[in-house]
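Reviewing the structure listed below.
By letter and in written order, the chains are A, B, C, D and E; residue numbering begins at 1 in each of them.
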Amino acid sequence: MNESATKQQPTVEPPQAATKGGLGTVYGRQLVKSFGHRTVLQDVDLDIKSGEICCLIGPSGSGKSTLLRCINGLEKVDSGILRVNGEDLGYEETETQYRPLSKKQVAAQRTQIGMVFQHFNLFPNMTALHNVMSGLVLVKRVKKQAAAEHARSLLQQVGLDGHENHYPSAMSGGQQQRVAIARALAMDPSVMLFDEPTSALDPELVGEVLGVMQQLAEKGMTMLVATHEMGFAREVADSLMFMCAGRTVEYGDAREVLAHPKEERTQQFLEKVL
Amino acid sequence: MDATEKPRVRRRSAVEYVMWALCVLVFLAIAYSLVTNPRYEWDVVAEYFTAETVIDGVLLTIMLTFVTMFLGTVLGIVIAVLRSSPVMPVRVLAGAYISFFRGTPVLVQLIFWFNVAALYPDINIGIPFTDIGSEVDVNALMTPIVAATVGLTLNQAAYMAEIVRGGFNSVPKGQIESADALGMSEWTKLRKVIIPQSMPTVIPATGNQLIGQFKETSLVSVLGVADLLQSVQLIYSRTYETIPLLIVAALWYLVMTLALGYPQSLIEKHYSKGTRAGTPVPLEPALAGAEEGR
Amino acid sequence: DGSTTPEQESDITKGVEEDPAAVKLLPAKTKNDGEITVAMDLSYPPTSFLSEEDKSPIGYNVDIARLLGAKLGLEVEIKDVSFDTIIPGIQGGRYDFTTTNMTPTPERRKVLELVTYWNSGSSLVTPVDNPEGLTFDEPESLCGHTVAVMKGTTQAEQYLPSLQDDCKKAGEAPIDAVVLPNVQEALTQLSSGRMEAVFYDTPSLAWAAKQQPDQFEMQDQQYQKETGTDVVTFGLAKNSPLTKAMHAAMQSLIDSDKYKEALGRWGLESGAIPKSEILN
Amino acid sequence: MDATEKPRVRRRSAVEYVMWALCVLVFLAIAYSLVTNPRYEWDVVAEYFTAETVIDGVLLTIMLTFVTMFLGTVLGIVIAVLRSSPVMPVRVLAGAYISFFRGTPVLVQLIFWFNVAALYPDINIGIPFTDIGSEVDVNALMTPIVAATVGLTLNQAAYMAEIVRGGFNSVPKGQIESADALGMSEWTKLRKVIIPQSMPTVIPATGNQLIGQFKETSLVSVLGVADLLQSVQLIYSRTYETIPLLIVAALWYLVMTLALGYPQSLIEKHYSKGTRAGTPVPLEPALAGAEEGR
Amino acid sequence: MNESATKQQPTVEPPQAATKGGLGTVYGRQLVKSFGHRTVLQDVDLDIKSGEICCLIGPSGSGKSTLLRCINGLEKVDSGILRVNGEDLGYEETETQYRPLSKKQVAAQRTQIGMVFQHFNLFPNMTALHNVMSGLVLVKRVKKQAAAEHARSLLQQVGLDGHENHYPSAMSGGQQQRVAIARALAMDPSVMLFDEPTSALDPELVGEVLGVMQQLAEKGMTMLVATHEMGFAREVADSLMFMCAGRTVEYGDAREVLAHPKEERTQQFLEKVL
């Protein structure tokens, strides 16, 4: 199992030129992130158009989750440019430096960015329905009735009708994961970040959730998906980034990369897929 | 009998029977001793249990406890939040507050507030560096009840701040991230995610505090306010029936404490919704646990 | 059951007339207010406590405070507080004076203006039948026994050391003295057999023995003090403008019948003094 | 300048500067008032701060606090475990213990233990229904220190039991299942999984309790034991210098409390190993939080 | 998404006759488990030989996790026979009833049953190494030094050398999952229960972990694996149980079931696999 950093990475050109972009875009340049002495992301570039589905694949510990967490501001990058929905995330650029935004501004930016966590992180003290409603009611100040209706329809979409009043602790792994997806979708963000959204789902559900995601993409929602399911990546992704030890190894059109990986590391990885 | 049809029984082990016996025995022994020992003077206890001054004392104790506990908890939550503020001086101030008010005896604080006039005979309330404002007669302002309320509240807040901080510590990081990711404001996050989830750990300690406060209020007797304990002390200082009158006080405190137990368990149940089956801590494995005595 | 007679609860100030000489000494502000406040701890029968009937303050010290007010033509407001807050309260101007059984020591004189107003005595209370035969008839009988004294009292501070000297001289074991915060606790411990005697102010002990005659027995003999050390004072703030007027009122009271009447109705006749003094 | 090279700064907002100013101001104001107000009588404070009786009182307070806190905590853990036992009578007994000892004032309990002889003049220790055994002189057994230790310990245990129960509540169920699945015995599970993980929530409340105990020990004065508060009261009942002597006591309590703060923070740090970065509660999102004042 | 109970299930014959069996066997008859009114397992039969790898597959919420939890005694079955390692789990059979065992006996039974949880449940206050050592030192009373050595080698096997001293919170999802696997393996149980052991793993690691499992199976360790990865099931499983709404739909030789599913529900499920 090769986890040690592969030091000499070829320079990877993002598939598209740099822009400030608008709603639904993610733009990153030379993103660096370390925890103490451990560098977890190194010079990562990103360039995602509105409505694009981008898959992040790579071995365990390669930094996929960390990258998604950075894009949502849960971790802050040490350096580099990071613009989501056309705005510098959590900072405003001045002539000489980046100055942090106020908390209110950061929270406002976040309502446009959805996130489904690897560990779901549902609120244990709320039922499935209230979990899904939480963002609508508490952040978007939607009326309770309207929010409940919307939440109900979302739960139905992910196949959880009848489970509205169950608490997360009384749900199976896959059920929890679907609630988490519905909760993020309820906010109707322009950019959605999925951290292994189908890890706990059975093949049937993977198909259904994938269907939901494709529909959303058609409506113009941008998605970044960290996943280990190559089938999933092949079916839905527009672009694909293969990461290893915190660096981008290959980044380009999804089918292209999967079919004809250029880098040796990518080939090696894809060979192992069952 | 087919093996699949055999019932799975709940075994009452010998230990359980022994414990039941012990339980009954302890209660009987206590009851017997209480009834037969004449030194408890139960007639005196009965006589004073509902005496007017005692009831007045009980009411005052309840009133003071709830007012100071309420105000103290609100202030305590504020201080706990400030204590984990990212801004250093705010943290320092909150920390100093907690250290100071936990660190000095309530008795001293009460005497201080009550006699603040001895130290600062006239305090000016007004706009600094202008002539607007007026001198306040501190003694008139600081009636015994005001001094008691201020003193107990400020003290209580320091203790509650620490309890609340402990509760905050128990909320998993993922929950806070989840709330952040939804774009919740600090206030909403606090109200809807952090506070409800820290309740299961905060409530028992708060119960302690509330019960402690019932008794702490007896310190206000130094201000000449007759709470429950003070009112029985006034009686036995006249009649010298010390033990039966202390029993009166103890019984009242016990009644108040027990009366709190029920709402506390309701609140605990309410906030433990969503943890599996809402039962108390499953210290025991589901299987062996429910079956057998230790 | 701590009952008092209706006579003891009646208003003693009836018929008392203002003393113009004393009133003249009053500062103008007090005269205008027409009121003074006195602080005392109302858990010391029979000198200051609450009546069983209507919870009004009664006792010898209460009477004296009221009489002083009457002599000066002022209303007296009585505040019930614990000892801990009396002195800071007087220093902070919350209370004008206190009639608590304070004995004047040089240290205390530094803090308060003290005016003498009566003479208390010190006695011994033992369990009924006095099994150990403790008495001040022979002070050495106390040597080697457990005796409770109250914190800060003259008994603890002055009499006990001299009793200990007596024991030393007689070659006996010293008295095992236990300092307790209040007399109620001391009496509880006396009844549980922990203490063999309680050494405290005579009036207080007499009251207790009257309340619980099947438990406590008052020893008739008082402690043989050297004259003058057991005088009791009331206290005012240092340099209080009221001191002179209060002193004058007290002297005028002593010269009248009311002083004896006040002492008499609490059984304290023996404590009368002929002349009030300001100690400072 | 290339955008990727621009440093990401930590903004000190206006709020932060204002708070710093306020912080300094508050400390200065307090210091000024303390120094210039003659009524505090600092010379008297200094004189008595190291007086022999005061130091003796401090030592006794420390000794009593730590002994009763230690015994009370051990007993409290036991009771908390029994409180969540699957065997009903055990739960009932533990619950009754907690209600009773939290529910009656410590003062009453102390007086009770010390004067148990008034109620039970001679207790027989021996084997029931035989002649073996001997009468015990209860008063000889219950010295003031023994009564104080017993009373305070039993009381403390009831409070600690509730705090520990709150801590147990905060341990996620998955952790207990994990330990069960490994086949851990109840004892190992308690020692290695439940107790360490409940520490972050238990410690602040225990700190409260310990500090409370410092002051609770002052109740032992009714037994004629001179702790810190009692020793200063003895002095001011002689000299009437109430306020400076209460300041002496307050300062000593403050010193003891502050001295506890450091070990407490060390223990907290020790047990929060493994939570991300070991920092206090991340109430704030990593990004916005560290940057900006509220 | 069909989650509603399919009421008329054909009776499924377990592939092998009922025995008391010995170490490494799992034997279940008519297992029933409900939470309140919700019946989660209904008449489940099991028959697993020593050294067999049995895969549990089925839609989300079908009761796979619950079945595994029952086999470990974390949940107790309401009725039916359940024998693990040849012993009645948590109970002893008398002439008329099942009497529960003492806690000590249950704990002893458990040391022979390993479990890898769907949510990992690592001890957050212990490093990776101490997590793996915990069972050895605290339950089996192995000397610390020997335990550490063994733990180190297990961590190496799952590709985590260098991560020994990291706390779970500083590890990626896949890394945590591998620690959990190593922790369970350290106890060297006769029966191992895996609840989606590869959900957080990338394809490369899936291959490696699978290799580890096959090795163990060769050494005679029995394994029950709840999984959504059909590839995984195809590669390693001896037998396969397809569950739906708490009932066994099909149970038999793994390759046989996957290649020629007899039941309609199974066919329908397998069709959806990407």
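In the analysis below, contacts are C-beta pairs under 8 Å (C-beta built on N, C-alpha and C of every residue); 3 or more make two chains touch, one makes a residue touch a chain.
This one's a predicted model, so the numbers in the text were calculated from it and none came from an experiment.
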Review point. Which chains lie in contact with each of chain A and chain E?
Key: B, D
**Study point:** Chain whose Cα centroid lies at the greatest distance from that of chain A
**Key:** C
Point to revise | Greatest separation from chain E - chain, by CA centre | key: C
Point to revise | chain D-chain E separation of Cα centroids, rounded to whole Å | key: 45
Review point. Once you find the CA centre of chain A and the CA centre of chain D, what distance in Å lies between them?
Key: 46
Study note, to complete from the structure: chain C and chain D have mean C-alpha positions lying a whole-number Å distance apart equal to 40
Review point. Listing for chain C: what residues touch at least two other chains?
Key: 84-85, 88, 91, 185, 188
Point to revise | Per-residue overlap in chain D, given as positions that touch at least 2 other chains | key: 39, 111, 115, 118, 173, 177, 180, 186, 242-243, 246, 275-276, 284-285, 289-292, 294
Check your understanding: If you look at chain A, which of its residues touch at least two other chains?
Key -> 73-74, 103, 107, 119, 169-170
Practice item. Identify every two-chain combination in which the chains touch. Key: A-B, A-D, A-E, B-C, B-D, B-E, C-D, D-E
Point to revise | For the chain C and chain D complex, residues of the former touching the latter | key: 83-85, 87-88, 91, 105, 107-108, 110-112, 148, 151-152, 157, 178-181, 185, 188-189, 191-194
Check your understanding: Considering the complex alone, what residue numbers of chain D touch chain E?
Key -> 174-175, 177-178, 180-186, 188, 192-193, 196-197, 271, 273-276
Exercise for review: Quick one: which bits of chain C touch chain B in the complex? Just the residue numbers, please.
Suggested key: 1-2, 42-45, 49-50, 52, 55, 79-82, 84-85, 88-89, 91-94, 182, 184-185, 187-188, 208, 211-212
Practice item. Can you check the complex and tell me which residues of chain E touch chain D? Key: 72-74, 103-104, 107-111, 113-115, 117, 119, 121-127, 134-135, 138-139, 167-170, 183-184, 187
Check your understanding: Residues of chain B touching chain C in their complex?
Key -> 53, 107, 111, 114-119, 121, 139, 221-224, 226, 233-243
